[in-house]
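Before we start, here is the structure in question, set down as structure tokens.
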Amino acid sequence: MEQQQLLKVLQDVANQTLTPAAAVGKLGNDGFEELDYAKIDTTRAQRTGYPEVIYGSGKSAQQIIGIVKAMKERQKSILATRVDSQKADVVTQALPFLKYDATSQTLTSQDKESVKIGNIAIVTAGTSDIKVAEEAAITAEIFGNQVTRIYDVGVAGIHRLFAKLELIRQANVVIVIAGMEGALTSVVGGLVDHPVIAVPTSIGYGSNLGGMTPLLTMLNSCSSGISVVNIDNGFGAAYNASMINRLISKEHI
Amino acid sequence: MEQQQLLKVLQDVANQTLTPAAAVGKLGNDGFEELDYAKIDTTRAQRTGYPEVIYGSGKSAQQIIGIVKAMKERQKSILATRVDSQKADVVTQALPFLKYDATSQTLTSQDKESVKIGNIAIVTAGTSDIKVAEEAAITAEIFGNQVTRIYDVGVAGIHRLFAKLELIRQANVVIVIAGMEGALTSVVGGLVDHPVIAVPTSIGYGSNLGGMTPLLTMLNSCSSGISVVNIDNGFGAAYNASMINRLISKEHI
Amino acid sequence: MEQQQLLKVLQDVANQTLTPAAAVGKLGNDGFEELDYAKIDTTRAQRTGYPEVIYGSGKSAQQIIGIVKAMKERQKSILATRVDSQKADVVTQALPFLKYDATSQTLTSQDKESVKIGNIAIVTAGTSDIKVAEEAAITAEIFGNQVTRIYDVGVAGIHRLFAKLELIRQANVVIVIAGMEGALTSVVGGLVDHPVIAVPTSIGYGSNLGGMTPLLTMLNSCSSGISVVNIDNGFGAAYNASMINRLISKEHI
Amino acid sequence: MEQQQLLKVLQDVANQTLTPAAAVGKLGNDGFEELDYAKIDTTRAQRTGYPEVIYGSGKSAQQIIGIVKAMKERQKSILATRVDSQKADVVTQALPFLKYDATSQTLTSQDKESVKIGNIAIVTAGTSDIKVAEEAAITAEIFGNQVTRIYDVGVAGIHRLFAKLELIRQANVVIVIAGMEGALTSVVGGLVDHPVIAVPTSIGYGSNLGGMTPLLTMLNSCSSGISVVNIDNGFGAAYNASMINRLISKEHI
Amino acid sequence: MEQQQLLKVLQDVANQTLTPAAAVGKLGNDGFEELDYAKIDTTRAQRTGYPEVIYGSGKSAQQIIGIVKAMKERQKSILATRVDSQKADVVTQALPFLKYDATSQTLTSQDKESVKIGNIAIVTAGTSDIKVAEEAAITAEIFGNQVTRIYDVGVAGIHRLFAKLELIRQANVVIVIAGMEGALTSVVGGLVDHPVIAVPTSIGYGSNLGGMTPLLTMLNSCSSGISVVNIDNGFGAAYNASMINRLISKEHI
Amino acid sequence: MEQQQLLKVLQDVANQTLTPAAAVGKLGNDGFEELDYAKIDTTRAQRTGYPEVIYGSGKSAQQIIGIVKAMKERQKSILATRVDSQKADVVTQALPFLKYDATSQTLTSQDKESVKIGNIAIVTAGTSDIKVAEEAAITAEIFGNQVTRIYDVGVAGIHRLFAKLELIRQANVVIVIAGMEGALTSVVGGLVDHPVIAVPTSIGYGSNLGGMTPLLTMLNSCSSGISVVNIDNGFGAAYNASMINRLISKEHI
Amino acid sequence: MEQQQLLKVLQDVANQTLTPAAAVGKLGNDGFEELDYAKIDTTRAQRTGYPEVIYGSGKSAQQIIGIVKAMKERQKSILATRVDSQKADVVTQALPFLKYDATSQTLTSQDKESVKIGNIAIVTAGTSDIKVAEEAAITAEIFGNQVTRIYDVGVAGIHRLFAKLELIRQANVVIVIAGMEGALTSVVGGLVDHPVIAVPTSIGYGSNLGGMTPLLTMLNSCSSGISVVNIDNGFGAAYNASMINRLISKEHI
Amino acid sequence: MEQQQLLKVLQDVANQTLTPAAAVGKLGNDGFEELDYAKIDTTRAQRTGYPEVIYGSGKSAQQIIGIVKAMKERQKSILATRVDSQKADVVTQALPFLKYDATSQTLTSQDKESVKIGNIAIVTAGTSDIKVAEEAAITAEIFGNQVTRIYDVGVAGIHRLFAKLELIRQANVVIVIAGMEGALTSVVGGLVDHPVIAVPTSIGYGSNLGGMTPLLTMLNSCSSGISVVNIDNGFGAAYNASMINRLISKEHI
């Protein structure tokens, strides 16, 4: 808070035009709910535009259930990523309003009234990248974006990409997902006039080094307009793409 | 080109409503100018929204002069990055319309009539990151974006960041530039509701590994909404940010 | 397509010597068959001389079955690599014309009429490298090459190599497969006058780093005439060797 | 032993004011108990202020039982770290005075009379880091330190940290435990005036590289006053913190 | 700020016992001085116990002069590290009260009245590590600590270490500085009952990897009580050691 | 030598149809000329099809002169690579029949009567890769191959590649040379039916890691038919390509 | 074979003092026995002083049985390393003369008449390194060396090492085996006047990097007289030590 | 010192058969001479069989002069390694009895009366490795060993190695020095029955990684009997070889 604004609030309190209690709301607020094992960030949507999302890896089914319950009181959509099928069984029995998708390993509860706007293209190099792509797609949808899926158009058969190029060009943002050597990103980057978010995947073997090779490829792309997220981070790419797509699209609504 | 469109063009030719020569323009076109040492991409602006930029590193002063001359015939703004001061002296003597900035190591010729729109915030952790920040700032300006510079607000003195937070929040896109451990990115990412583009710098020593440490930090950020470009790649960050800022802003114009 | 050729096609259309529909065939063509989870590249043989091959890792048995069925309509030989025995059981029950080889983890259906030509020598340093060698051997055979297998002639007992040297020298191309430190490649490279394709394997432990050590060894060989493929990539080596062997041999037929 | 002191002892022996046998006690002493598979260091507490601790990983349940029995004769508190639940079952059946904690994977026997002094704050970025934090907390407690636990205050929601800042500032030493990118360390380091010991955790994926990323982050921190221990080394951090806390606190007792 | 405290301040303002202007001082304050190229952190001593220090690398002589001048108004001691001799000449001509030490590459201005307390031992393995050791020693002295220097006692001649062991054991904190393989740290760690701060140096060649080898050695030490700072970071070690030494020692004063 | 052949030679000696001296020529022969600092391999052409080449890096001008003189007696073409311009000046003054090319840093003496056969395409992604490309081109020419140079057709402007595709497809072998992320290799590999030899270059910055990034990209290519040589190893690529091109082409002569 | 000797043999054949068949024995000899999956090196003992040893990892129980049977005909002692207990069960049922040791994972059959000579000291830092130490010890014993085992004397309690120092100094060769940071090697290296062979182990976690850290430590030791083998390579260390010990000792017999 | 021995000494003192002063000599002794910047280890020869050697890198000419002077009083032979020619000029002017060798960068003063015994073979792969080989050769000679130099016999022309094999086999120890991929080591290791000490060199480029590639090659050798020292560490290899050669040879004298 800038000193100007702070002074203003304090003068309002001095002038009795603001009660001390109301000023607390303006000046500070713990902004989280404390569980035994977590501090749920209740002001995240306010600060960053999006509510907190549950990263399921390393959390027990019981912890996920506890966090979902706490969240459910405040927000309409719920998203938990990286939930394996065993945990998902436990969670969905306790919370039947959650829907599990095995490919993307996500648990979701979509706000019925939300409208999907804009257009995010999700492009994969191969069939094996679809797992990561679906994490991205479901994340983008839960955040209210329209999604166009274009899978298995890697550069070994580059004509498959060209056949889909117009479709890709219509999107506000393009997510390119590729393992092995990740060359698809540079090719797409050289052909579109919207931002490209690149997701390296851990698909490959030997000197692929668990996805480090496509990660490095994407960071060193000779094409411009490409930025990169962590290996297999479909969620992160969709989060970014959603921010951009919604900022562009909201003018049209 | 989709088969539908292709058939359409060909039927027009068959129907004599399109001459073969005109069809060539629609169906294909070399799209580059051939110098001895380079093929200048003349359709890049058409494809990606931005004209080609000269990456000065590894090119001689004479090669830069030749490429600038060829470009100048087609585009109003010129940008060359990574030009050291020795090369810059030679180039600016031959082409006095170019302006050299020693901090960012850029040569520019700005289109006088261009209007700067929107708002890109460029935030650095330290004083030593300014070199990369200015490459980003000048790139963003030459591409027609308004830029807000906020330098030296690293987390060792985090109150400096909070004092500038409102300024940062007003931007359409935020570029965060940091060396050493790059922690500033995660803090900013957790506080803003617009996309953050992170640029690791090679500032640091020992286990900084020439910028690999902040690069890895940024890719693994616990905050969402962050995507990353290569180490010291101020240009790349600005290119991305410009795409996003202009797509958001053009609705307002 | 060069502008010359493009103009020619279009003039033929204008001259009515070519129908628009036929021109589509010349100018473009999707060139792939779209399944839910894959786009099968139907023009690969035309472009690269070899039909598409199924990389089994990360695909389900059902996906492999679907892809084989689609391919079977267009090509006589089928090759799927990296298929573990569990998947193989499911696939061969559905498609009994496929033959499974457990050592190389390949599924194949060989064109009965194909003739094997030329000579590719496949040389391994140790017994443990045979798994990769057989992936190479079966790939080479399915692509119509004669194969000479020379296994376990590593440099710890270099006289074993010399005893087989004449056999190796008779081949058009030599594939050298080695794990641990991969020194065999350099020794072979210094003794033959045909191209050597080196395959590092992940055989070893400790500072072998999953095959990175023999990979680096092979790339830095003091002998000339050696090029390298990815760790454990028997298929890739055979693909290359086949290209070379067949180009050399076809003059003799 | 300095020559001065040595000479003194020897003169005492020469002067018959010290028996040779007593001099052995002064000049040397094996200082360990020899088991078949281990040499238990019986003078460690004397040398370093703390008795030996059992690192359970790679030891069998029977070996742990044997070592605990040997130690029990000389020291009141017992601590074994990295003991999985299967081994723990066997050990606690044989030695029921030991208490097993499944989160931290520790076996302990606390000296009833020990008094906990001072204050060590243990701060984690996320819920998944609690496992490492509890190893640190239980180690610190067994060594006689008071512990303040502050969990899940990572920088993605930095207001959670600020809400707990006064609590953290009251500690003599702060242990910061974080995975992913580890940025929390730098933020805390910039806000407190006591030493910070940083523990990177292996929580994360992709380019996290098993905790190497937060390790590098912490080593390169732009904040001062931070030192670092190995990945997931909660024990090591607590050992260090205990040394510092007890040295500061003992003046108050 | 906790809500309790915030409410208290606001109620004081409402009760007119605190003016709005005075409340600003309590609730917020920019806390930095803005230069063109830097934001000098004026509340660092208050927050962390130590004033800001100038990291000279990557700053021009003019920038260093500007920052020193701004600092000089608020603090008695000045420390700039990593200043090469060329820059130092320019700076000391402009600011003759600064003293340059070529071994440690530091510029200092010591508060005359400061008293040095406690005892920090600085131990090096070799002669070549002295450069880093002196950066640590001078930092520790400027921060008001007594320093005991013990150089060149590496484990290749371990009796040199034992001859100095009593001297080392008398210190409140021990800084161990070593390049090559860094084994000295573990030996010292097993022999003292005070905290050891380890500094790897970039002294070595080949697989030393610029200091990464001793860094890894120190992080994996089998001795307890060791924490580690970045390669060649004598300043960071001294900063940590000073915090610990002064907290221990202040009770004695 | 197989035992069969050995027995044959020995029986010829026993039968007096071969003199012992002549048998030496068949059974063994030192096969090198000994200088003070080198053993020149005089039977390499016989064994591998190509005479020895001088790797200039790390050799003095005088050593290069000595080796060239020794070679000149036996072979018509001379090639020395990695000779900087300073050394080249000394060498060409002593041996004026050698020609120096500054771009490729090669010294050559071409056999006048040699005929260039076949066709090797050398393709680069950028202008900065030309240095490596020319090392490849000159090597290929000195070994008697026709070379087609196609420079600066990287995937950022992929239409430049398509415009040259027919030219590339006419070659017997294709050398693809690329720095940065090296994606061009995969695109070319998917479009040609001849072997592709990939050369990563050290062109790039930051996470390019001195060429390791394009090296890894090329090894992990999703296209088949690609093999890889060391970073910047234009010579090695040409040597391989020459072997293949000449084996294919010699049937036509 | 030197030309002198070759000429001599051939002249003997010419002179009829040697039959061609006998000459084959002198000039060449396949020197291996060919199984389906291996070429057993039958002249290794002659060339290197030691018969071939079976590296069990990656070989099936049946392959091990086959190789042992083939070896048994020619040599008295058999050693197979890296044989897990499951394979060992199968092998020892088929070949009951083999003895399995579970700690070292070796199968052995010792020549009853062999005499153990000299003295190899095997020293470990910890209890967990004993597995590797026993592979070394059993290898050394099967090769006819006396072994002195000194386990768990790591530098965290360095007095344990000093208590055993005289014992270590009596050996002809010292093998030092250590995981974690591997500092023990340098300490021993500085205290003995016989060669030290260092074996890093994969004992450790986090930044131990599977044994790469102690490997690097040992290679960079400040003590002289140390050479290093691969991670966990107890066999290799014993092989080296045996060569040295037997060469020294044989003079005494 | 074992307790037995300690008790014995002390009883002698008690019995007046040993004076306290004489006992100091037996029980302890500083064992080093203290300069300002170094502690010269005066008992190293006694402990390890060899006097201290000066590692010149990172020491000034004046420091080297000081250390040589101090050493000269106690030992006949002097060896300083890694001394560049500039420093050497200063040192040899002050101490004209020292001899400088520019290839190996050593300063030596050989004891005239020393006799060279045994036989160490030093084998290099290439001409560029000679620099490291000469450091090894001169070290071995100063330590009293006979040396056989065999240079430039790398595996690209393996017949050069075979021509020298008998010479190599006559040595007690073999040092193999190789850069690039280091394959020579494995070949030699498979052909000799004496210990092989491998020295990787930093000769190479690209993925050679400053010698890390041959280092890894040598550590992973499929041949037994090889141990490895640090990159370019000719001194270390010779020190090891000398220990072994002298232990073997001294029986013959």
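Each chain gets a letter, A, B, C, D, E, F, G and H, in the order it is written, and its residues are counted from 1.
Everything that follows uses one rule, which is that a contact is a pair of C-beta atoms (placed from the backbone, for glycine too) under 8 Å apart; a residue touches a chain by one contact, two chains touch by 3 or more.
Only a predicted model underlies this, so the values are computations on that prediction, with no experimental measurement involved.
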### Task
Could you find the chain whose CA centre sits the greatest distance from that of chain D?
F
### Task
Check G-H, C-G or B-D against F-H and flag the pair whose interface repeats it, over half of the contact pairs matching by residue number.
C-G
### chain D against chain B, contact positions shared by both copies (same if over half, else different)
same
### Query
Distance from the CA centroid of chain C to that of chain D, rounded to the nearest Å?
55
### Query
If you average the Cα atoms of chain B and of chain E to get two centres, how far apart are those centres in Å?
39
### Chain centre separation in whole Å, for chain H relative to chain A (CA means)
59
## Note on the structure
Each of the following residues of chain D touches two or more other chains, namely 1, 29-30, 156-157, 163, 189-191, 206-208, 212, 215, 219-220, 223-224, 230
### Task
Any two chains that touch count here, so list every such pair.
A-B, A-C, A-D, A-E, A-F, B-C, B-D, B-E, B-F, C-F, C-G, C-H, D-E, D-G, D-H, E-G, E-H, F-G, F-H, G-H
### Query
In the complex formed with chain A, which residues of chain C make contact?
29-32, 37-39, 41, 43-44, 52, 57-59, 63, 200, 202, 210-212, 215, 230-233
### Query
Once bound in the complex, which stretches of chain C touch chain B?
1, 3, 6-7, 10-11, 13-14, 16, 19-21, 23-24, 27-30
#### Entry: Contact set on chain G toward chain H in their complex
1-2, 47-50, 53, 162-163, 166, 172, 189-195, 197, 215, 219-220, 223-230, 235-237, 239-240, 243-244, 247-248, 251-252
### Query
Where on chain B is chain D touching in the complex?
125-126, 154-158, 180-183, 185-187, 189-191, 204, 206-209, 212-214, 216-224
### Query
If you look only at chain G, which of its residues touch chain D in the complex?
127-128, 130, 151-153, 156-157, 159-160, 163, 203, 205-208
